[in-house]
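Dropping the structures in below, format is structure tokens.
Look at the two complexes coming up: subunit A is in both, with subunit B in one and subunit C in the other.
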Partner chain A sequence: MGNEAIARAIVEHGCFLAASYPGTPASEILSSIARLKKEYNLDMHVEWSVNEKCAFEVALSASYAGYRAVVAMKQVGLNVALDPLMSAAYTGTIGGFIICSADDPGPHSSQTEQDSRMLAMFAKIPVFDPSSPRDAYKCILPAYMLSEKYQIPVMVRPTTRVCHARQNITTNNINGFYSAVSFEKNPSRWAATPRYRYDLHKLLNKKIEKISLEKKFYPLQWNKTPKKAHTCIIASGVAFAHVADIIKDTSLGDSVDIFKVLMPYPLNKVFIKTILESYKHILIIEEPYGIIELQFPEKKHIYGKSNGFVPCEGELTPDIIEPILHHFFHRKKTRRKLPANLPGQRPSLCPGCPHRASFFAIKKAFPNALYPSDIGCYTLGINLGVVDTCLCMGASINQASGLFHALSKNTKQQPPIIATIGDSTFLHSGIPALINAHYNGARFILVILDNSTTAMTGNQPTALSGIRVDGSRSKPLDLEKVIEGLGIAFLKNVDPYRVPDMINTLKEAALFLQKPDGGIAVIIAKHPCLMNIPKTRSPQPVISNSCTGCGYCVKHFECPALSITNGKCEINTLSCTGCGVCIHACPIGAITMDN
Partner chain B sequence: MQDTKTTNILMAGVGGQGVILASEIVAEAMLRAGYDVKKSEVHGMAQRGGSVTSHLRFGTKVYSPIIPDGEVDILFSFELLETLRYVHMLGAHPLIIVNNQKILPPSVIMGKDHYPDNIPDLLSQYCARVHLVSALDIARSAGNPKALNVAFVGALSRHIDIPESIWHDAIAAALPPKIVDLNIKAFTLARQNQ
Partner chain C sequence: MRGGSVVSFIKIGDFFSPLIRSKQADILFVLSETELIQNQHFARPTGSQIYINAKEPRKRSIDADSLAVRLGSPVTANLVLLGFACAHPDFPYSHDEIAQCIRKISTASMVDQNLKSFYEGYYSFS
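Entry: the complex of A and B
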């Protein structure tokens, strides 16, 4: 897998400190590094940080001290770490420092299709854009060397199709030797005041200018044309691989020069000049933004995103690229048709998921509330009608606060506001939000869906679990103490599997909101993710003869183990986990526990 | 610049059926057989019960990890309805191997949509060779219905010309030791089942 290849190269080339926060498609980078640490008994530091800003600053400081370091995250995670990124470009680095930011054109599992290469350009740091897992593996050493030569952070930007693609790679040895290093004080660099920042900015501009002239990163010509071509294709990332595969099966490769760009920013200056002088038609294929294209000062001969030739949104799959190539070469191709109107599958919470129990209780207690929510498996609560917003990590609490202030002016009809957030997301960026909401007088119910893991991205342990990424033990964070410490006066802990208790606690919380001295009510709905505990398969619930097949349970409870077959509810005994929560979902009590 | 033709297998199913693990076993087997292999699928939210696909490509030299429309050689589908979603991607002389299992989408469960009848007949309108496999029954007779994905790989293995021992090695490499024997039993039953 691409992420494993990146991890392997990072460890092979002597990285001492790796930090990350999980996010698809980047999550397996850190877990693979941790696995290698264990397998080779390496004396390195690996951590799941509580958010990307923490991870970035931890890894950067190891570089300040002279060690090779890496920070990995998904593209929207880089937004969280943008503040230190901008400043780190100015201060520069000592030990090689790689920022691995994985993009997700599509998007397959992200809230935006943003291009991390744009943020590399914004910060003025070089970025590599590998086109395959093998490419990603091979670009780590040059990235470390470039970082050390210019004392600058270097970004490696894989996309989903690199991170989660698999191919065979021949690996090298891991020796795990780190030279002794120390942090050398240099306040005018590491703690530069605005006056010195001007000098650092000037230095940064010089660095990036020199990097743009590095011969080593001059784009490669992939094919050999028999005679001089007037047409060229410039591509980077996995889009290059698609182009190569499409061209390989045609004769087009004889009349067009194809260039593969490993370093899209800063694009080699000599290359830009040569291309503009040599070709009449230049097609640029990259995703998701036009970063290479942007660096061509003259657009007259360019076919790309700026003139609508290549789409500006969505993933560039072979199906999208092939017609672009045919259009570019004035060829035609016929296509098969899709069968019409198939009923769609959609993701849903797993059978037995404790989040489903929480959402069901919330809806039972307050069917007409406003439900700001957040990022995680529980975003799928949208299927149960209990998720109204999902903006970005940690936003649920601020949105509940904003909605409260906005709607409290309308005293007649203030609907209750019930925000939901997972435990990992709460630790990531929910705590400052809760301090803010509480201090500024918002009133709402906050349900922390505590399953003690980061479930959506593959069950990475959180600070509440007491386990670190390498399996070593830590003292679990006491969530209740944290919340009490903020001054929250209403705090209850409840197991959402006990639906009546959960409903009563929600109603109690709503009364607290109304009190003259009330405020924010926090409920911790605590039950571990079923991926992390052995599944209990018996006893399972059964459907009694009184079932009328009304469909209430499948509509409002939406457990994948329940269906209406031949006018009666049916339980799929293979997927049922025996959680028994559905007993509460039948309006006439036709679901009972099998004893 | 013509290379030897790449073989494209599109695997489809519903989250939880073990599609990704099955694709890892096939990729591992093809690697062990000496091919250049590229494989790609999407993780994250899609895995929680949504439609799942895995693109597997092998040949002398493969660049892209995604199969272009119109170039699928084998559509290897774990669920009847899911098969229909990808028939537009079939190539010139395709083969469909489909597991005879229905998983109802939420819209069908709630009565808003109708699950198409007689899917094998519909499929034969797109493809001359459609093989129907009862992988769940085979896995049950091997001892555990959860081995359905490996059993189903056994049905696929009949159409790929590499030694059977390579398949066994690939299965052993992908699974925890204590369930290997049961899975190889399921694989072999499906491989021999005509």
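Entry: the complex of A and C
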């Protein structure tokens, strides 16, 4: 897997500190590093940080001290770490420092299709854009060396198709030897005031100028054309791989030069000049944004995103690229009919998922509330009609607060606001939001869906679990103490499997909101994610004869173990976990536990 | 979370891209019948083999789910389908080759179960 290849190369080349926050498609980078640490008994530090900003700053400081380090995240995670990224470009680094930010054109599992290479350009740091797992494996050493040569952070930007693709790779040895280093004080650099920042900016501009002239990263000509060509294709990332396969398969491209760009920013200056002087038709294929394209000062001969030749949104799959190539070579549009994008099967919460129980109780208690929510498995509560917003990590609490202030002007009809957030997301960026909402007088119910894990990205342990990524033990964070410490006066802990209890607690919380001295009511709905508890065969519910086959349980409760077959509800005994929550779902009580 | 559509591509040989274009796939394994319409455009219009896990019999289909359940491991329905495909004379790999692979990549505790499911599919072809 591409992420494992990146991890392997990072460890082979002597990285001492790796930090990350899980996020698809980047999550396996850190877990693979942790696995290698264990397997080779390496004396390195690996951590799941609480969020990407923490991860970035922890890793950066190891580089300040002279060690090679890496921080990994998904593209939207880089937004969270943008503040230190911008500043770190100025201060520079000592030990090689790689920022591995994985993009997700499509998007397959992200809220945006943003291009991390744009943020590299914004921060003025070089970025590598590997086209395959093997490429990604091979670019780590040059990235570390470039970082050390210029004392600058270097970004490696794989995309989903690089992170998740599998390919055979010949690996090298891991020796795990780290030379002793130390942090050398230099306040005018590490703690630069604005006056020194000007100098650092000047220095940064010089560095990036020099890097743009590095011969080593001059784009590679991939094919040899017999005659001098007037047409060329410039491609980077996995889009290059798609182009190469299509060219190989078809008779297209006998008279076209094809360039593969490993470092899209800064694009080699000599390359830009040569291309503009040598070719009449230049096709640029990259995703998701046109970063290479942006660096060409003259666009007259360029076919790309800026003139709508290449789509500006969505993934550039081979099926999208092939007609573009035809169009480019034959100068006429060939519309290949793409299969209509039928809705595939939509995912739902697992059978027995504690989130379903929480959502069901919320819906039962307050069917007409406003439901700001957040990012995690529980975003699927949208299927149950209990998720109204999902903006970005931690936004649920701020949105609940904003909605409260906005709607409280309309004193007559204030619907209750019930925000939901997972435990990992709460730790990631919910805590400052809760401080803010509480201090500024918002009133709403906050349900923390605590399953003690980061379920959606593959069950990485959170600070509440007491386990670190390498398996060592830590003291689990006491969530209740944290919330009490913020001054929250209403705090209740319930097991969402006990649906009536949960409903009562929600109603109690709503009363608290109305009290003159009320405020935010926090409910911790605690039940572990089923992936993390050993499977036991608990007794399963049965459907009684009174079932009318109305389908309410399937439609509004959506447990995948329930289905309507021959006009009756049926329980799939293989996937049913015996959680028993569905007995509360049937409006006429046709599902019972007493068998 | 559970139940979303998943499409995986396997390319054997010398390739750059991990994805397959429309009308280029030689073999399709359809693990859920409902996904067929969505994905059959990947198969070559002529000469491709489409193996389907389906309750009702149709061309190159097998009820892999029920067989896997009977063998006590519903998650191995994919291996039942693979075994079934492998029994077809035009399938490019022999059962020995695939069985060897299964032995190599399965976790130790699953080797026997996986092989059992694979051969259940294999011998279901007649």
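Here, the second predicted complex is superposed on the first by the 578 of 595 C-alpha atoms of A that agree within 3 Å, B and C clash if a C-alpha of one lies under 4 Å from a C-alpha of the other, contacts with A are read in each partner's own complex, and residues count from 1 in each chain.
The criterion applied here is as follows: a contact is a pair of C-beta atoms (placed from the backbone, for glycine too) under 8 Å apart; a residue touches a chain by one contact, two chains touch by 3 or more.
What you see is a predicted model, and the numbers here were worked out from it, not measured in a lab.
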Fit or clash between subunit C and subunit B when superposed on subunit A: clash
Touched partner set for A:C139, first subunit B, second subunit C, both or neither: neither
Partner chain in contact with A:P347 - subunit B first, subunit C second, else both or neither: both
Subunit B versus subunit C as contact partner of A:N383, first or second or both or neither: first
First (subunit B), second (subunit C), both or neither touched by A:V238: both
Partner chain(s) touched by A:P318 [first = subunit B, second = subunit C, both, neither]: both
Touched partner set for A:L267, first subunit B, second subunit C, both or neither: neither
Contacts of A:G551 with subunit B and subunit C, given as first, second, both or neither: first
Subunit B/subunit C common contact set on subunit A: 132, 161, 165-167, 238, 241-242, 244-246, 248, 317-319, 322, 336, 338-339, 342, 344-350, 377, 380, 456, 560, 574
Complex contact set, residues of subunit A against subunit C: 131-132, 161, 165-167, 238, 240-242, 244-246, 248, 317-319, 322, 336, 338-339, 342, 344-351, 377, 380, 455-456, 560, 574
Subunit B partner contacts - residues on subunit A that touch it in the complex: 24-25, 106, 108-109, 132, 160-161, 164-168, 223, 238, 241-242, 244-249, 253-254, 317-319, 322, 335-339, 342-350, 377, 379-380, 383, 456-458, 551, 554-555, 558, 560, 562-564, 574-575
Interface residues, subunit B side, partner subunit A - complex: 1-3, 6, 14-16, 24, 27, 31, 36-51, 61-70, 81-82, 84-85, 87-90, 103-116, 122, 145
Residues of subunit C touching subunit A in the complex: 1-5, 15-22, 32, 34-35, 37-38, 41, 69, 74
